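In the part that follows, the structures are each spelled out as structure tokens.
In the two assemblies presented below, chain A is common to both, partnered first by chain B and then by chain C.
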Partner chain A sequence: MSAIWQHRLAERGVDRRLWLLLPATIFVLLLFIYPFLYGLSLSFQPMQGGGVLANYDKFFSDAYQRDTIATTLKIALPAALLNVLAAVPIAFRLRGRFRGKRLLTTILVVPITLGTVLTAQGLLNYLGPTGWLNRVLLSLHIVDNPIRLTNNYWGVFFSLVITGFPFAFLLVLSYLSGIDPTLERAAATLGASRAQRFRRITLPLLAPGLATTFLLTFVLAFSVFPSAVLVGNPAGSTRVISLAAYQAAYEQYDYSYASAIAMVMGAVELVVVAIVLLWRSRLYTGSTGGKG
Partner chain B sequence: MKQIRATPLGWVIWAVVVFFFVNLAGIVLSVLVSSFGTKWFDTWFPSGFTTQWYGDAWREFTLFHVIVVTLLVSALVVVLSVLVGAPAAYVLARKNFPGKRLVYLTFLLPILMPPITYGIPLATVLYKFGFAGHLSGVVLANLVPSVPFVILTMTPFIEQVDPRIEDAARMLGAGTRAVFLKILAPLLVPGLLASAILVLVRTVGMFELTFLTAGPDSQTLVVALYYSMSAAGIRAQQSVDAMAVIYTAMMLVLLVVALRFVNPTQLVARVKEEPSE
Partner chain C sequence: MTGFDQLRLEGVSRRFGTADALSGLDLTIERGEFIALLGPSGCGKSTALNCLAGLLPLTAGAIWQDDQRIDTLPPEKRGFGMVFQNYALFPHLTVRDNIAFGLRMRHLPKDDVRRRTTEAIETVQLTEHASKLPGQLSGGQQQRVAIARATVLEPSLVLMDEPLSNLDAKLRLEMRTEIRRLHQSLGLTTVYVTHDQEEALSMADRLVVMRQGKVQQIGTPEEVHTKPSTWHVADFMGYRNLLPLKASQMNGDQVTVDLGGTAIRGSAQGAVAPGDDVIAAVRPEDVKLADQGVKGLIEVVEYQGRERAVEVVLDDDVRLHVRTERRVEAGEQVALTVTPGRLLVYPS
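Moving on to the complex of A and B:
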């Protein structure tokens, strides 16, 4: 009997090789799913007493806390959008082969190595009131007084563009390189102009990749934390939600409230992800001709 | 070889790229110049140059210890995540089984979530069991995004290996172990290297998870850098700059090594290059 069962299961793909999944599955369950569920249940057991939803009530009834959601979205959405939109034309110019491509790609990727802290330090030095940028603008008489670009919204925004753009660029370039160039040449043979080829051939094939890129850069930008503290205005215009969660956990030692904020953060992020995925599912999803 | 054509739109794009890089160079150079400068107030350049800040940073921030910790954490994370991730990537690349989509989604989730969201509950759990505050806690926390990352990068490499090679080996009497060690492992060296190096770069640069779980003795370079910067005023600005330069130099070396093994444009899809005309 058991031999028959084994055979039937093997036909559906269940055989001994599935054991190889075990370490990774145990790992994900122990270090991701369990902590997540633990945090979720902790968030319903407020330390200060009160009902099950007391932590969430506290978060949403306090404008100082509630506004962190809007603040985070106001920084993360435009930054992610700009990174993706700027990456498209540049990646478009850089596909195919030409001399020095590797060097140029390397230079575009270098900002990844800077890390948030050097970027923050550099932004403070360079854009500060006595920094080089303001010196240039002042000596060219473009402005009369130093413009303020650090310790506010713009400092954080620039930091997100600098760290996020190379990443978006790499992804867009690899999606673009995955599109079979013969498709475009076929369109050209049939008389399509450059603009038509881009709009009717390349863009529809690229759109799902762009959605993925947008999501990944958005996740990076949404959890902005170090730069919001270092180059932003952490008490006001750049008080992002991860900062609120951090303060609850490590300054007030209220892990229950901190978990609740983390859950709100995850929920808001998943809503954006779901909207983008929903839009993406209506696009063409198939082979781009480049694989295999 | 084709030339890049210069259309009006092309010029605008290049102007934007150049503008971005001029400012980026300004940002990097201002830190570099400051780390070698003596005093720098309200002038174009510092009044003199010195290397004293590097010595100061090395001693004050106990950088030797911090760098040892950083390398140790990264090495452990790389080895463990490859050991756990590669077999799972093999199954996901080769087999269809009921529930495969669910398993795949579970492995993807840690990458799609912002680190702070799962980092705070994870740190709470790790504190509860006494891991956090030590090296082991930092390693465990960093494994969470690294294992899925190994799975994601390894899967396409495994798909490229023809399954008939494995079948042939089995026909000739090789057991599962022999197939893995003698057939698959040598063929997968490029994939293993690629994912190992990418995990290494990510772990050295990972701020949030390390920040949430590290104790005073288990800080990595990024976290030490953050603490030194947010406690500004106590220490000389320039020694923080010096430390940031050391960090970037380390990352740059790693990235240059990584780019030798990984073609950045082949991360998500295999490329069918345009034939050279």
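Moving on to the complex of A and C:
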């Protein structure tokens, strides 16, 4: 009897090796599930009273708060899209083997190691009102007044591209090298031009990977906080949703309200993720024949 | 079909770094011919095929299709069909869409595309699998899709790169016949790359035997099989006995060699003079166990169904591979004779 049960359980993947999952399960429970549930329940206990949904009511009825959603989306969506779109041609060019590939890849990946603050510092030095770019433009009389590229929307946008692009590039490169190059050669012998090969063969096989890459860079960009303060305009055009949550928590000390804002933030992200995954599920996601 | 009468390869060469993968391939392919490029791995046969397809630029030489020079054209402009070793089916497209791909790239009318695709699917007997993805098919079925995809365009030339090497032995025999049948019924000109001499012999009208990037011999299967031009070709064509011996006597193209103390006559292939070191080549099936002849001791016996493959050591330590229907055992003393005219003597 016990032997039969063991076989049956083993068939479904239940055996003693399952215990190996324990550390990760505890980790996820303690550091993710518990704080999330705690925050969720906190958001339903408003400090000023007024019912379970008072915090959410407060957020959505105040245009100054409500608009942070649109502000954040306006920064995060284009930045994530640009990161993915810029990564494709570069990864396409770099997927083969050639001399100096490692050096080039390293240079492209360096921004990940810099951190947001250093990037912001660099942006201010380079693109600020008295930065190199403006001084060159002024001395060449191309512009009469410094162009404003920092402490506004563009500062945050550049910062997100600089830090997000390397992620996108590395991911796209690995997805692309997972596609068997013989497929394109086969398409060529069947009369497909370079553009047709990309559109009919490479792109459809790459699209699921692009969707995943877009989501990852989007989620990173959506929770933008340091650069929104350092190179943005945190009182106006770059008052992002994480900033609203920060102010609620650490300027007004209303943790309950801050939790509600955090929940709204998560919900918006989930909506975008769901839409993209829905689109992705309609694509071919099987083997792409390559080594990847 | 935009057919050609002749396809000429003139000194086609390809170099990778400092290594010559293919040097000076001269070959004229007539319309409707089935040509096999044959050789061990790394001999340059796949390189030659990729050069023909346009997937590899040449380092020297030219390819002429009648009066038109085509080696500068990209693959999509050549109109040759190609079957890849790993099939290279588009994994995201159904069998039908895979086969229709080339027709669609040509912007043919929808009805034409549908009709020709359906015909091609019927030809390779995949009708009930037409709407499956390649991942759902067996190796043999994928192979047939690859062939249909390459031939539905009725290309002036079909290139096949070891298309059967990923199939099991039984399926390989079936597909061999099928490819030959397709070649005949569609009147396709075919260049077929393989390292399997049996496959090449059974399918091709002409063989091109290659070694280290160079052509060793071009000829009909029979020519290459019975009169290999060098001992390397002989080695590749199943002459398992390659014996380093000394030529003792010449009489026209008849040369006498000393095998285990017995004088044996063979036919000279190339410049051989008495006293030269030579290599004598003979197939295992042309060495017979007899009552008298060259004396030897049986060392290994392999049972192979109707026959036994036997390794015999002669008195002077020369080893001979022999095939026999007789029941023999290791340790037995035997005498051997060579079928007259079947011993080929090459300069070493």
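Just so we're on the same page, the second predicted complex is superposed on the first by the 286 of 292 C-alpha atoms of A that agree within 3 Å, B and C clash if a C-alpha of one lies under 4 Å from a C-alpha of the other, contacts with A are read in each partner's own complex, and residues count from 1 in each chain.
The rule we apply is simple: a residue touches a chain if its C-beta (ideal position, glycine included) is under 8 Å from a C-beta of that chain, and two chains touch if they have at least 3 such contacts.
Since we're looking at a predicted model, the values are computed, not measured.
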Clash or fit (per the criteria above) of chain B with chain C on chain A: fit
Residues of chain A touched, compared between chain B and chain C (which is higher): B
First (chain B), second (chain C), both or neither touched by A:Leu138: neither
Partner chain(s) touched by A:Ala188 [first = chain B, second = chain C, both, neither]: second
Once both complexes are placed on the shared chain, angle at chain A toward chain B and chain C, C-alpha, multiple of 10 degrees: 80
First, second, both or neither for A:Leu53, with chain B first and chain C second: neither
Which of chain B and chain C A:Leu81 touches, first, second, both or neither: neither
Partner chain in contact with A:Ile147 - chain B first, chain C second, else both or neither: neither
Chain B versus chain C as contact partner of A:Val276, first or second or both or neither: neither
Which superposed partner A:Pro204 touches (first chain B, second chain C, both, neither): second
Partner chain(s) touched by A:Asp180 [first = chain B, second = chain C, both, neither]: both
Chain B versus chain C as contact partner of A:Thr130, first or second or both or neither: first
Least Cα gap, in Å, left between chain B and chain C after the two complexes are fitted on chain A: 6
Overlap of the chain B and chain C footprints on chain A, listed as residue numbers: 180, 288-289
Parts of chain A lying in touch with chain C, wherever the complex brings them together: 180, 182-183, 185-193, 196, 200-201, 204-205, 283-284, 286-289
Sites on chain C touched by chain A in the complex: 53-55, 74-76, 78-82, 84, 86, 88-92, 101-102, 105-106, 133, 135, 149-150, 153, 159
Chain B-facing residues of chain A, complex: 12-14, 16-18, 20-21, 23-25, 27-28, 31-36, 38-40, 42, 86, 89-90, 93, 96-99, 102, 105-107, 109-123, 125-127, 130-133, 135, 162, 165, 170-171, 173-175, 177-178, 180-181, 209, 215-216, 219, 222-223, 225-226, 229-230, 242, 245-246, 249, 255, 258-259, 262-263, 265-266, 269, 273, 288-292
Touching residues (chain side chain B, partner chain A) in the complex: 1-4, 9-10, 13, 16-17, 20-21, 23-24, 26-28, 30-31, 34, 41-42, 44, 83-85, 87-88, 90-92, 94-98, 103, 106-107, 109-126, 140-141, 143-144, 147-148, 151, 176, 201, 205, 207-208, 212, 222, 225-226, 229-230, 240-241, 244-245, 247-248, 251-252, 254-256, 259, 264-274, 276
